[in-house]
Amino acid sequence: MKNSSLLISLLLSGLLTIVSCSPNDSKTPSTDQPDPVNVGIVLPLTGKHAKFGEIEKLSFELALEKVNAEGGINGRPLKLIFEDTTGKPDIGRSAAEKLITQNEVVMLGGGYSSSVTAAIAGVAINKGFPFLVNTGSADIITEPTAHTPSGKKIDRLKKSNKSDDITTKIAELTKKAEKEAESILSRYAIFRLNPPVSEYANGIESFLAQVVKPQTAVILNENSLFGTKGAASFQKTCARLGVRVLLKESYDQGAIDFKPILAKVKDLDPDIVYMSSYVLDASLLMKQSMELGLNPKMFIGGGAGFTLPEFYTAAGKAAEKVISATLWHQSIPFPGAMEYYDDFAKRYNRETEYHGAEAYAATFVIADALRRAKSFSPEEIRDALLKTDMETIFGPVKFISYGAKVHQNRLPTYVVQWIDGKLTMIWPENLAKQKYVYPVNWPEERK
Amino acid sequence: MKKHTFGIVIAGILAVAPLLIDNDYYLHLMILALMWVVIGSAWNLLAGYTGQVSFGDAAFFGTGAYTAGLLHDHLGWSPWWGLLFGPITAIMVAVPFGWICFRLRGAYFALATLALNEVMRHTATIMDGFTSGMAGVMILQSFTSKIPYYYIALALAILSVVCVMAVMGHRSGYYFLSIREDQDAAESLGIDTHFYKMISLAIAAGLTGVAGALYMNYMGFIDPEVVFSLHDISIMAILVGIVGGVGTIYGPAIGAFVMVLAQELFRTGGFGVITSLAESTGNASMITIANNMTQAHTLGFGILVVLVIRFMPNGIAGDWEMLVKAVTKKR
Amino acid sequence: MELLLQTLVSGLLKGGVYALIGMGMTLIMGVMGVINLAHGQIMMVAMYITYSLFAIFGIDPYLSMAIGAPTIFVLGAAIQRYLLNPLMRIETILPENQVLMTVGIGMVLTESMRIIFTSDYKSVQVSYSNAVFFLGGVSFSMPLVIDFFLAVAMTCALFWFLIRTDMGRSIRATAQDKEAATLMGIDTERITWITFGIGSAIVAMAGAMLLPIFYLYPDIGGPFTRKAFVICILGGLGSTVGAIFGGITLGLAEAFGATYIAMEFEDMIGLVIFIIVLLFLPGGFKRLTGV
Amino acid sequence: MSFFEIKKISKRFGGVKAVTDVSFTVQEGEIFGLIGPNGSGKTTLFNLISGFYKPNAGSIHFQGNRIDGKEPHQINRLGVARTFQVVKPLKRMTVLDNVMVGAFATATGPKEAKAIACETLDFCRLDHRRKNLAGELTIGDRKRLEITRALATKPALILLDETFAGLNHAEQDDSIKLIGRIRDSGVTIIIVEHIMKVIMNISDKVHAINFGETMAEGTPSKVVSHPEVVRAYLGEPYDHHA
């Protein structure tokens, strides 16, 4: 027993030492340089989402060099401290708490999947801490009133499909929700650079209305937040365009065989097939559509999977002439977009895509806000972010409030098409690099 | 009594801990660890003491979490009611499941729980009109400070350990053990093994449901992949139990702290010790090593799990004497 | 009608691949009684080997089985011999310690692959990846048809091996009664790691066959582990013939579920069948057929 | 109404008949011996009585209750306890805890259960092992623990399945004495045993079965001289004085 109590005390004291003496990264001993300004970036660097986390991290680093070459933050270098969320909310929260308390960062950036971003947003809300989201796309992240009791009531009301005077009721409830969220709104410092998922497919609407003019559609989506929300918003698009949705179906990620469902689609013979999927499900869907001889007027991807280089490598000619919504493309005539794309390819010997662009742009937004902030207190940084009005490779950035959203950057989305193995901007027409190919002779394309 | 002194001392230390360490990061880790104490103790009651290994604790955890979140979403109630109703719904899931599946023994039962876990996850995803599906449930946290959450988590952790202790000192405790040791013998001694397995499952599900409700309140956001996660909840619960010591009162509690701290230690490269060492020396190769270390943290964690099971199969509490010997011998 | 036939064909062909995945596991579960939660992860490693051989040396995935399967045999045998068998000798409260060990092994395998190959999605495109032929309007994927017949051939080969060879008999004896087998002079310990090796090698082949039509990233193992369970339980533990029935049943159930109910229920259907079989037909198809 | 009665009971496993049309009656306070070659269905009969198997035909009555078809734990609660041929100690529990598990059958709480358990341990002369883990016991002590645990449930009838197998002579003698004490305490006993010395010395009545069917029944001396029993089981006539 004596021995074991000795061991207990040893273990306990060991734990306490770890807890109390763990080093404080922010106090770096270097003296000849001015102290850096620390910003914490939370990203999934391991786990399921690591691929995109990595692209974002590399883009952050690429942008950081530029920022510091331009003189950093008013003479002080900017330092990004990366923390791995492993794609899990509780760990993501550990990472955020650590960055704030241990590394004493002045603000947070990053945030990949919605669940992790939401968990980190919780930390940011509690502390009134500035957090610039650049990927997490769940609408609720920039809708602080949506979580209040009245906000939830509005949500239910909208879902209930009761048409009679719900607008006045909603207006009433919105006011109430704002009051309920007042204490939060006053210190709400979460900003989002990327559009929310419900707006991803907006760009495609005009393309469909003006070019394809479909009568019927089938929607297939992955059973994830991205997939379901993307599909739901496209369904609304269809309703606006008067397109009849013959079938809307979701599936679990990682299915081997889509043929049964695709055969069903073939039976229904829709004008367009809209798919909201990640990269390899996307390529399987296209490959198996080709195998089945499923030839609608147009295949439309809801972003994500359909715009990645891997999609074309895996799907091959089955990917040809497929169009997709996208948030960004290197050929968009925003200053620096192409330059970033080339730099990334040169430096890392691989292609980047819109996630990377979001991260790259976010770095400049962070730097810009910090340069303008009177001090590095959360309130001042928040004010600086609120006044953001700048051009980035991801488009103009300005955080506005509309609908239930606050601090949301509003951006158009674009349409791209795989033409001869290259992802090409085709819509809006004034930005198009090349004219779209429509109608498509599918059997010819897939020879 | 000796055993209790250990528990009381630890509880005492934990009760005053927030006064000593006023740091949100450490408090956050402690809250997570305390939550795992609840889940680990529950798993241990069912698996360690009753011998019915569950691979599906997330089914109950998620049910508890969703109860808290949906009460708020649909009825506008405070999510704290989840602490009361979470366990009730979790038990409502557990009892019919147990009634049907407890005719299965050993590994087959474990597989059935695994299936339950997956069924619950899919259900929560598919019923998106009710659960909001993958969009998840988000609530605003009630407190901006961590202290209230800490004490609530601590209270629940102590409650669960005391609850397991009380049950094990009672008639059902003896029955649970006898079921674990030999179900036929137990049956021949007049024990309704099916019934008592259900009791054990119900208590475990209830406790796990409480932990789920706590998670909802504390984290503020849940979705099916998070709270019904086979890997992050169900398997983690087992690891907490195994590492700490199966079939011991304090084992799961020890396991919870060790696992949460170890995970964080690996993730941050020893709370940043290695990175800062590398940076202070400015040695390029050191920095690469540090980067690789943090890259490989999940691997390190996996290796730790393999080593613990290989060399300490009874866990820290179970192999305590062996540990003590190993340490004292070296002196 | 065409839809029905297409569903049937898709289900059958997919079932063939499932059968191979399940067969490795049924051997391992039947003989050792170990639930191997690293089964899919072992397949994932095999797929990376196949991928590397293709990417570096341009070796066709089907040919690379000749290298991949023996490598994975060694990996599997080593896991059993050095990590699982020692646990069997230790008296612990839960026999399930071995299961947990496989969880840890699964983590280690996944993360090792992630460090080597990163999380990027990989796929192997060969000339026949998208090859199809049509029979009465129903499309048959060429690789899946090949896989299906390979699965059937593998089943027969394994069945013959278990029934006719000395090693096979020893394996069956060990599966039935380990103590008795030991008394009969069988080195059961050696049998266990050989069996684990064979089971792993079979799933390695399944992985190699899957690669031309599927894709690859480190986290791919988990879902396949779960599918393998369902197949095993359906077919009956230790029954190779059962595995092929189990695989095809699962494939068909998923396909028909996807066509006639909804694709989002695909995984649910498998799980529900799983629970029903566990409860009402413990022992799976093996119980019905006797083999 | 008899104390315990089996009427025309049969049990098949698949196509194999394990027990066919066996009937017998046991009087209160009796020691009833059950003999027969290996695989003749003795243990199957015990499993039928104690509820582990459900009979295909026939019925079992105990103190006026029909008990076939009931669950094992229900049958135990009605007053029928059993031991197992292959002992089933609760290995990682102490001997005392093992017996307490049985004692909870009548006890209201842990304290009372402990009291009953200690008393039963004393009665069976196993109290010196109470703090040992059941897994640490010798085979003799394990057999004894098996009986002690069953007795702690306070049965009216106890089924003893080969409690003498593997015991040395001294232990056998102790066990014979123990069985005598059990009977004296008012518990009826059905015993399956191979060691003829035991059966001859303690049984009031013996029932011999072979291939699941009754061969003979009666007093020990009558049964051992029954020609069929001699041929099928004993090999040579049992010598009372050997």
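By letter and in written order, the chains are A, B, C and D; residue numbering begins at 1 in each of them.
We adopt the following convention: a contact is a pair of C-beta atoms (placed from the backbone, for glycine too) under 8 Å apart; a residue touches a chain by one contact, two chains touch by 3 or more.
Only a predicted model underlies this, so the values are computations on that prediction, with no experimental measurement involved.
Common neighbours of chain A and chain C under the contact definition above: B. Path length between chain A and chain D in the touching-chain graph (shortest route): 2.
Look at the CA centroids: the one farthest from the centroid of chain A belongs to D.
Central chain assignment: B. Criterion: smallest distance from chain C-alpha mean to the mean of all protein C-alpha atoms. Put simply, the C-alpha centre of chain B and that of chain C have 31 angstrom between them.
Put simply, the C-alpha centre of chain C and that of chain D have 48 angstrom between them. Each chain gets one centre point, the mean of its Cα atoms, and the points for chain B and chain D are 44 Å apart. The set of chain C residues touching two or more other chains comprises 93, 111, 114, 264, 267. Shown for chain D are the residues that touch two or more other chains, namely 92.
Looking at chain A, one finds that residues 46-47, 223, 252 touch two or more other chains.
The list of touching chain pairs reads A-B, A-C, B-C, B-D. Residues of chain C touching chain B in their complex: 33, 35, 83, 86-87, 90, 92-97, 99-101, 103-108, 110-112, 114-115, 222, 226, 229, 233, 264-265, 267-268, 271-272, 274-275, 278-279, 282. Touching chain A in their complex are the following residues of chain B: 2, 6, 13, 21, 23-26, 28-29, 32, 72-74, 76, 122, 125-126, 128-129, 133-136, 138-141, 143-144, 215, 219-223, 225-226, 232, 257, 261, 263-265, 267-268, 271-273, 275-276, 279-280, 294-295, 297-298, 320-321, 323-324, 327-328. Residues 1, 3-4, 6-8, 10, 12, 15, 18-20, 22-23, 25, 28-29, 45-47, 83-84, 86, 88-91, 93-95, 97-98, 100-102, 114-115, 118-119, 121-122, 125-127, 138, 140, 144, 146-149, 152-153, 156, 159, 181, 184, 223-225, 227-229, 252 of chain A are the ones touching chain B in the complex. Contact residues of chain B toward chain C in the complex are 47-48, 51, 53, 100-101, 103-104, 106-108, 110-112, 114-116, 118-119, 122-123, 125-126, 180, 230-231, 235, 238-239, 242, 246-247, 295-296, 298-299, 301-303, 305-306, 309-310, 313-314, 318. Of all the residues in chain C, the ones that touch chain A in their complex are 2-3, 6-7, 10-11, 13-14, 17, 111, 114, 118-121, 123, 125, 129-130, 132, 139, 141, 210, 213-215, 217, 219-220, 223, 254-256, 258-259, 262-264, 266-267.
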